[in-house]
Each structure stands twice: as structure tokens, then as C-alpha cells.
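Common to both upcoming complexes is chain A, partnered first by chain B, then by chain C.
Let's look at the complex of A and B:
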């Protein structure tokens, strides 16, 4: 289960391009050139969209969660209208997806998966982790969520209801984790620093631990 | 409660809706996912075909993305519903407690009423 570690990236080999462009490199370039030539997209538009995607990271979602923990009215609006309330903070939605925020409580634990593909709340979290897109997670989240969560180190007591949301169409889902104990005197910024991507998918809780795990 | 007409029909009962703009299902309604195996683009996972659940809420009306996959996207707006299925309904050998459940958006064309099941 090493691929299920918390979000930090691990060192890997330098990416090198040594051979000639492959079939898909040529296809991509040809398509972009044709679209530009026929004025269907402007020059630089692809690069701009990459900038848009690159600007979206779990830090945005963490700010939303921290605000919801300190501001009860914001939290209520967020649960009623996820997308509109994120937009209040300047988080634009560049696609046609809606957003439902799922609140974890003492009696309910939410977990998000997309069994058909890899639907993910990219406007607020950026790109999904690799394990989220792979079949073991996608299959097991709906078949044996408790065993899966246990492998993330998350033991959910039997009296807590597990709600697995399978995201299949125009809605995306963000988990509002429980605020950890012992954080009453934390500022909003300190709270945001505790919130991890994986907690907003629902695979781990947010903890105030200082063990350097990022949790 | 469950037998009342939708809000729009209660307000002006003489209005005859066209097709699709009034949701035929409401929160709390028992529904079954139909069993069919179309070719092409579809958005209902196999593991839910034939399973019975309950409408949690209506999602905004949308075009049928299975039709849209073939370029047909005009004049066909129906509802997505967020449906709750007990895990024990989906998996007969589910290992967790009976209150565990799965929630998913399902397009209207995939649902039939299970009220008289």
C-alpha cells in the first residue's frame, strides 16, 4: 500500500526526451496547429489553460475548509451551495461542474470516488493523486470502504455511518473534515495548514499532530 | 406528503407541463435502476443495475449526456437525482454495518419507481 501514502511527492528520475516525437506528440501538435490556423483557438490558449490548471492546488480547498471551521454562516452557505460559496473566495469554476460539500460529523464519514473515470473537484483541489485514478481505489472504495480506509490508517467505528459518493456526472464533491481537537486557539491560516488533500477526499481525518506527516 | 404534486403544479394546477421540466421523482421516493446494457457512452456503473435506492435530492436539470455523446443535445432536459443505496442492497456480502451507504447521481432515464415493488 505504499502508493497510498500521504500526498508528498517522492523523488523520481529526471524526465528526459531523447527520441523523436511519438505518434501522440505529433497528433497533439498537429491538432493544436490546425485549431489555431482555423481561428478556433487563439495562440497561447492551450498554455493559458495549463496555467489555470497549475494555479489550482489543495491549498485552495484548505482555505475553504478553514473558513468553514471559523465562520458558521460561511459553513452554512458552503453546505447549501458549494460552488457559489467557493466563488465568494475568488475560486472560479472554469467548467460546467457543480460542487457539493459533504460534511463529516461525529456520526457520518464521507468518502469520494469516481468509479467510471476520475471526476475530481479540480477547480478547488487541482489534479487528483494517481491512486485516485487507479482501479484498486476506484473498485474497493465502493465494495469495501472500511477495509480501504483502514489501509490509509483510518479506522471508522461501526457506529459511524460511511457514505461513499460515486461521482459520475456534472457534480464534484469536497469533504468538509471535522475540525481536530485542541485547535480552538488556532488562526484561520494555522487551521488551513492542517488540511490535507487526502482529508478533503475523505481517506484520512485532519489531525493537529506535529509528527511531520502533513496530517 | 409523498403523494402531493410538485410545487409548480400545486401553484397553478391548470398548467400542463411539457415533457421533462417537472421532476417526476421527489426526495424520499423509492427507485430502481433499470437493467439495460446500451452501447456507447453511459454514466451508470454496472454494479448498480437493478438495485433499489431512495431519492436523496434533485440535482439541476441537465441534458442527457448519453444522447449528447452522439451529438443530440437539444430540447431534452431532464433531472439528475442523487440516490442513496444501502451497501447491503448493492453487495449481499457487504462486510460493514447496515447503515453504510452509497450516494450517486443518476439520470432520470435510468430510474423507475419502486413504490409498488
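Let's look at the complex of A and C:
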């Protein structure tokens, strides 16, 4: 189902919904209508962008990661040019953002944050979860990443360096997690199914078990 | 460091390293207007009307109290309105009048048939 644009009737999630209209629902609708009438944006443009947003899920990022695990040349290109190499797989970037892919190794664990707001590699992961946008994650990731990761159940050994990368409006980051042990005979599709959103933010590892947390 | 120096060091968004409430792994399904707000932000960025960076600074300029009281997309929409006023693309009166029209329309039709979409 599509969202509704200006001048159209609104969708409703619950028949039982009552009470006055949400102030911000009204504000958004009024802004969209006024901008459209002034030809600053085109009719249907917001609705189209909702379809684009809905088409972006962590499954796209997982496809990139799985390919990097099975194809060393692809991985090298991905680390050298994140955006261009994702585009090779048909993942379009609908904005002007760059993408840098950060590779986890036996000695380095990467974690991505946006301390100022909520920048996130949306073309390849979709929209970020609420916790990524809220103060505790943003405030703590840069000063106590080990303690924060432990709250996700992720224990990083002291001898492994944690690198925290802070996103900007122009440059976004994606973690290339380590391929789990015991997956040598997995197909690329089977590997992709293991890769979760949270693993690509860097808060959990990829495991070969049934742990789909955060996907 | 004196308290005024500490106070002056940061704008409201600049929370990296600050004391913070306990972390909770929360998420929610976006409401329809929140999804529209996100899409509108992208469209405003595409057309160079309000860039992502302008939006962020616009939110920051709302000040600590408003940032603290409003939700994530509520801040975005408020910042959009302020920036559009500042750029002379809309006036507060135009927005207020349109909001009144939209609100009365919503009140008259609070739960339309989704099949009409």
C-alpha cells in the first residue's frame, strides 16, 4: 500500500484511532501541499521517495557482504570504492552520499556511529533503528565502545582494537564483518542470509547459527 | 573547567562522549507521517531546498529545550518550517492557515477507507 500525498485521504492503521489529528501529521501535510503548489517539489515526489525508502533493507547490504566473502577481487574493489562497487551489484545511491566499507579483521573491530545526528548508509541498509539515533548510543560509542558493545552481548577481546567511525551527512560507513567459521561450504545466498543489519553497523558479529538478531 | 566553559563547548546535537541515559535497544515502526517526513527530507535535499546538513543545523538551532521535548521527526518538521520561513519560501501565516485547513479536513475524515488510496 502506498502512503498518501497532499490532497489525498490519509491511510489509517487502526480503525479504533480517535482523538484530534496529530499536530505533526497536519504540519507535514501542510508543508508538502504548500511546497507542491509553489512548484518547489513535484506532485507525487514524496510518495515515490517512500517507495524508494521501502525498497532499501539490510538484505542489500548482506548481498554486498556475502559477495565480498566469496570474491577477493570484489572485496578489494569494495574496500577501495564502496559506492561504486555497490553500484556494480545494481544498488543505486539515491542521494549524494559517499560510502566507505570498513573491514573487520582478527585484530580490528569496526563500529559505526553518527554522534551529531543519525547519518547511516541508507541506500544499502534502509533506515536506521531508533537506538542508533538516540543519545545513549551516540554519546557512548566514542568513549566506551567496549562497554556499549557488551550491552549488545558482543565481547571484544582486549587485544582487538576497536575503531569507531563517526558518519557525516556526506560520507557513510558500512562494516564488512568477519566471515564466520564453519561456512566454507555455504553458497553466497546462504552466507547473505547470515548477515544482519546490526553486524553491518558493527554492534554484533555474524554467526553461523540461527541468531538472526537485529536483522 | 568552569561550568560556563563546559556549557559553551557544545551545541545541542554534539553529544559524543557526554554522560547519557542508559542504553536501550529500542526501535519502532514509523507512523505514516514519519515516513512521509523522511521522504520529504530526501526530496528537499534532492532539490537543494534544504540539504541534509542544513536540516541538521536547523534542528540544532531549535535549542536544547525544543530538541528535548520533540521527537525525532517532529524536530525535522519544525526545522523545515523555520528554514523555509528564513529562506522566504513560506510565511508563518501561510503555514498556519494551511494547517488549519488540513486539520479541519482530517477532523472531517479521520479514518478514511484505505482502499481509496
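The working rule: the second predicted complex is superposed on the first by the 190 of 215 C-alpha atoms of A that agree within 3 Å, B and C clash if a C-alpha of one lies under 4 Å from a C-alpha of the other, contacts with A are read in each partner's own complex, and residues count from 1 in each chain.
Criterion: a residue touches a chain if its C-beta (ideal position, glycine included) is under 8 Å from a C-beta of that chain, and two chains touch if they have at least 3 such contacts.
All of these numbers come straight from a predicted model, not from anything done at the bench.
Contact with both chain B and chain C is seen for A:115 once the two complexes are overlaid on the shared chain. When the two structures are aligned on the shared chain, A:133 is found in touch with chain C, with no touch to chain B.
Once chain A of one complex is fitted onto chain A of the other, the partner contacts of A:145 are limited to chain B, with no touch recorded for chain C. Of the two partner chains placed around the shared chain by superposition, neither chain B nor chain C is touched by A:184.
Contacts of A:98 after superposition: chain B is touched, whereas chain C is not reached. In the superposed model, A:25 makes contact with chain C only, not with chain B.
In the superposition on chain A, the chain among chain B and chain C reaching more residues of chain A is C. When the shared chain is aligned, chain C comes close enough to touch A:38, but chain B does not. When the shared chain is aligned, chain B comes close enough to touch A:163, but chain C does not.
By the document's definition of touching, of the two partners only chain C reaches A:49; chain B does not.
The residues of chain A shared by its contacts with chain B and with chain C are 115-116, 142-143, 166, 169-170. Contact residues of chain B toward chain A in the complex are 43-45, 47, 59-60, 62, 65, 80, 82, 87, 90-91, 95-97, 99-107.
For chain A in complex with chain C, the residues that touch the partner chain are 1-5, 8-13, 15, 17-18, 20-22, 24-35, 38, 40-41, 45-47, 49-50, 52-53, 94-96, 113, 115-119, 127, 129-131, 133-143, 148, 151-152, 166, 169-170.
Looking at the complex, you find that chain C touches chain A at residues 13-28, 30-33, 35-40, 42-47, 49, 51-53, 56, 59, 72-74, 77-78, 80-81, 84, 89-90, 94-95, 98-99, 101-103, 106-107, 109-114, 116-117.
Those residues of chain A whose C-beta lies close enough to touch chain B in the complex are 98, 100, 115-116, 142-147, 158-159, 161-171.
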